[in-house]
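Here you go, one structure.
Order of writing sets the labels: A, B, C, D, E and F. Residues in every chain begin at 1.
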């Protein structure tokens, strides 16, 4: 399946922390560069996410803000 | 200013493309890893974004999806 | 590719209207039930969307609101 | 009240599952076509959602992605 | 219609600026406090928005970030 | 840090309610006008949010909908 979201960053799953409804997934998109995702627990199970697994961080370009110092 | 969004990735502005209302900003967050942001043209002007400038990609963790092959 | 978004509705593309930066895509998810998506023009091209093509409407459950009369 | 979101799909509430802060609402928008919404528990109470109730799934068009196989 | 979004701020329309696809609507939610919304042009027409009209700014609580100096 | 989001409303923190993963923050942006934000608990701690503190409600203009009666 190919998705219309502009950003699909190759990543390695670093950590998976389950809450009651949601799961927090930490993805390493480059050495030392991490992106945290919060997805539903049922989605995390469906995708069988676990440390070390190859995955993608999918982000719509309209959901990215830019900041400067 | 410090923002509640979980993801604030250090980046370098690679490209700024102006549309009529929105501006597309390409940010390099690691060598070869790019994130595209679509922000309003007025915000892009306010932040004086231009190629080579240091910036951050700000993304709420609830806006990140995870995919696997 | 399998995505963490909870909602992936099978659909048929009914209409594709290109703007300068964005493209409006009308998807029929059931007879007479349509969902409109606005995606970037470059994504629409990449997916080769055109009338009659099979596709999916992907929606995060946290982006769905509920209303009652 | 009339809202600017492009998608307002007529639906029947199929299931309401309460978490500690959020409530998961399954809406049937056509026979066999379901959309899951996660809203705050207080909103679910305010709207008095329960199985069988008529409701709408409200989705901004910029929150809909498109995917193809 | 009653919507599940937590924030529904009473407002007065201050300005309506039409783009090619989107319309920028400035809403005054208190004296001197303005909120800018970008909605589709067709939605703005449907709601017959014009300067001085009473309206509401509808915002999901998960779309609000918090910042401190 | 300066952020590209169009709306940065000055506010006073009125209430902070912690859940298991998320924290609900009520911000007063004008006398009697409140905006509720749901952010992660770790972000709320990082920002040291507490009643009476000065803060900002940050909202992307594409996340604001407009409604009329």
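In the analysis below, a contact is a pair of C-beta atoms (placed from the backbone, for glycine too) under 8 Å apart; a residue touches a chain by one contact, two chains touch by 3 or more.
Heads up on the chains, UniProt names are A, B, C, D, E, F = Transporter.
All of these numbers come straight from a predicted model, not from anything done at the bench.
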Length of the shortest touching-chain route, subunit A through to subunit F: 1
Any chain in contact with subunit A as well as subunit D: C, F
Contact-richer chain pair [B-C vs A-C]: A-C
Subunit C-subunit E separation of Cα centroids, rounded to whole Å: 24
Computed distance of Cα centres, subunit F from subunit E, in Å: 17
Separation of subunit B from subunit F, taking each centre as the mean of its C-alpha atoms, in whole Å: 22
Overlap residues in subunit C, where contacts from two or more other chains coincide: 1-6, 20, 24, 37-40, 43-44, 47, 56, 58, 60-62, 65-69
Arrangement of touching chains [line / ring / star / complete / other]: other
Chains grouped in pairs wherever the two touch, ordered by label: A-B, A-C, A-D, A-F, B-C, B-E, B-F, C-D, C-E, D-E, D-F, E-F
Interfacial residue positions of subunit E with respect to subunit C in the complex: 1-5, 20-21, 40, 60, 62
Parts of subunit B lying in touch with subunit F, wherever the complex brings them together: 1-6, 37, 39-40, 42-44, 46-47, 56, 58, 61
List of subunit F residues in touch with subunit E within their complex: 3, 5-9, 24-25, 27, 29-33, 35-39, 43-44, 47-49, 53-69
Complex contacts: residues of subunit F adjacent to subunit D: 19-20, 22, 24, 38, 62, 65-69
